[in-house]
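Beneath this line is the structure, given in structure tokens, with notes to follow.
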């Protein structure tokens, strides 16, 4: 295949472990004309579960996305598997939710200018006006919703309508200071990425830097995870840490933590945008 | 002073912050003939507290330990300070408590042969027989106590008697699988060093590796802290972490964690043996 | 002293080690009315050198900067010391040199909006036009010089004239792709901060990521150092690393390295802006 | 297959990349009755090379090691591949070379008691007597050779005879302070594991801690690599680092480095003992 005439397809598949899975799946890809360029598999021996991510090239004119889905339908049925396929060329449509802090949004915008992610940022949604100008400078649509206890569900419905309208695939909470309702979360299972400013499960909930400061820990962390309806309990995608000491004030923790948050969230978005993450219960397999 | 004729004294002092503290303390040391070789100070602006560690050399024949204590008594009173002085040449007497795991004890013994710590290991106390041979090989006294719910307080009393008999300064819990009673802890405030096999305050209590495995974290840790009567809530001395992935089984977590435990505990013992730790509430200042 | 009526002074001093230094210096500060808020000292036993950084508060109306310098003149002479004093309120004037890469400049601008550094960015100087717009967006003056072999010394002289005109204290080379001539470096000893995109002294010179990729290392790094006339041999301020694997292409190394470069340079600027660095031969003491 | 009646086989294979490799190899394994439990593959797009490691289970009575080799002979020829197969149950026979330092040997012995490695330690060879007793305590044969300039090649020949006699698969240089001659190295290509006490390629050659101390680096490292005939230039298996500061004396660097050396070497031995390493030119692929 020449570079111009090929497209890259990514298969994510999980099912009960059984003999011949890799052979059968690679055989299937071989038969439809695919050339495997990357294969990662994992067997969880405790749960006897099989997980695989395969990237393969296809002649461009072979199979539309729908035709590919139809093809893999049978394979999936054969093994009673959860599976999805994605064309690498078709970028994910992303909405970013923010409040007042700019550091995570800045970081995402800047990396996007360098094409680090395989995404299109369609819009930014906020419950405050503060980051409007930053979005303007980056030519990204900005929608703000003043959210109160009373109008919360209604505002969320309007946000969901926007997400539908823009055909959003993935929602990124870039220090969004609102807890999403179960109705919202249900619409985007394992497609809402959050950054929590602590080393989960330590310091769940509000003011984790304050909690860390008061506990006198020697290391602080940040955690990116998919949002579920249990607060800060969703499958963890990525974590990182930084050392602190008695010399660090609460302000220093916040400053050092900002850097962690930006990086950990960026890495999670990168992995998600490359379809490298499979979830299984409360856990992720990150290929 | 020539090398042979001097001794090194370490002063640890904390008090309410006030003007002229460093000047007055260093002036005092100057007047008694001391030559400062190391000085670390910290002011906690939130609590307005002052902490200092000063190492200074003195002519050997000047002042016995008792005389030095008498000298600093006045200085301490002047600032209403908590303070202690130690002669570096006088090694701390240490008792190590173990159960069945050998890795932390091995590590301590091995580092001791290299004189990494400034301690004498006087005895090992265990609630099992397993590590008797390892102690024999290292020529360290080994005392075992079968501990049941019924005899626990009595056994602890016998242990305390041993500690008194050997004039123990510091107790190291090197994966000792018993919770010490308040009566015991009270006798050695901020002198009992524990290693907990998690990144506290995550995974307090039993089976932290199992908890971490089930939660699907991407990083595990170990924490060394002084023992207080709140389980795993004592002032943290040192922490460290290691990355894990979906490829790591529970057994791998335990294996990787073992290495963390040994190193974090060893670093805590080193800092403690050099009198580098001041505690304040639930926190430590580590100079 | 009330918050409004005080100013913070930072003293950096180094000299041959001798008895009574801390006492004499703190005594001196006490006598001129200073209240020490932070003191770090270090004795290099090999070279028998003494280094100290003291931050102290003074009543605002006491002593101008010139008067303070006159006061410390005597102290410095007494110990034959190198010393300097700085008023914290008087921010350093900084010039940033860039070429085409924006990541380090972006990072510095963004941190400056959060007031992380204690500096004023007076101007940006470049040998290319590319980052003009970024400077405009951040309201920073931008001067570009097309540099050829023929005009290099002349262009440098013009740059030096600009630095004089703006009374620049510190020069930051934020991935500036030109080697400064000895004439230039001589004007700003230990005041030119460079970021080198390798873990020095590994991979000195050009294309360090390519060198690292070809060598097959498992870790790459970045190094911030003061510029001297030996290429990549100046005193190291800060270093950091990131893990790589066989999965990482040269492009991945460059991507991961970019993040290191930004952070390591930012940390070096922060330390420098807080007057936390003393140099001694090829080494730094970082308090 | 029941646990008792199966054996695990590990295939390492590399060849020019071509279509259908994974399918053909997994098909082959499927046909001989294998059940894949772990598969890692990597394509180097620059060199267009394909690398794979597959672990698969077989009924115990199926195929002896020789029969398996005969089977894979054809597959290897088909793709003009380098390949090797190993039975997991058949532990590698290892010889450890040491001089006077005990820390790496201690670490290996201790991990061996916990069965961390999949190896048998057959003998220890040294150019000094110092570690004889440690080997005795661990019931490992110890052979010492006084090595001079004059007898070096002869001594090496005697060492090689010992390695032949004990059918040694892998040689571990655990701080062995002699440079092996090309004749020796030729006998064990990519089967001699060394630990170098620096972050290669920084500080090649002798006294790397001294070099690091004099250069004033802020991070030191250790590197485990296969030995080739270019000093410290063999394929790197694993590296790690630790932070240092101006407070660390040369002695502290050596102390901190000791811990790095033990861990980095232990990780390299683990990876090698699990057949997780493929080499390609100066590089390793570590699965």
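As written, the chain order gives the labels A, B, C and D, with residue 1 at the start of each chain.
One rule holds in what follows: contacts are C-beta pairs under 8 Å (C-beta built on N, C-alpha and C of every residue); 3 or more make two chains touch, one makes a residue touch a chain.
Note that the coordinates shown come from a computational prediction; the quantities given were computed from them, not determined experimentally.
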Both-way neighbours, i.e. chains that touch subunit D and touch subunit A: B, C
Farthest-lying chain, centroid of Cα atoms versus that of subunit A: B
Same or different contact residues where subunit D meets its copy subunit B, judged by the half mark: same
Subunit C-subunit D separation of Cα centroids, rounded to whole Å: 43
For subunit A paired with subunit C, centre-to-centre distance based on mean C-alpha positions, whole Å: 38
Numbers and ranges of subunit B residues touching at least 2 other chains: none
Touching residues on subunit C, where the partner in the complex is subunit B: 19-23, 26-27, 29-30, 35-41, 43
Subunit C-facing residues of subunit A, complex: 103, 106, 110, 114, 116, 137, 255, 259, 263
Touching residues on subunit D, where the partner in the complex is subunit C: 42, 44-46, 199-203, 214-219, 221, 235-241, 245-247, 249-250, 281-286
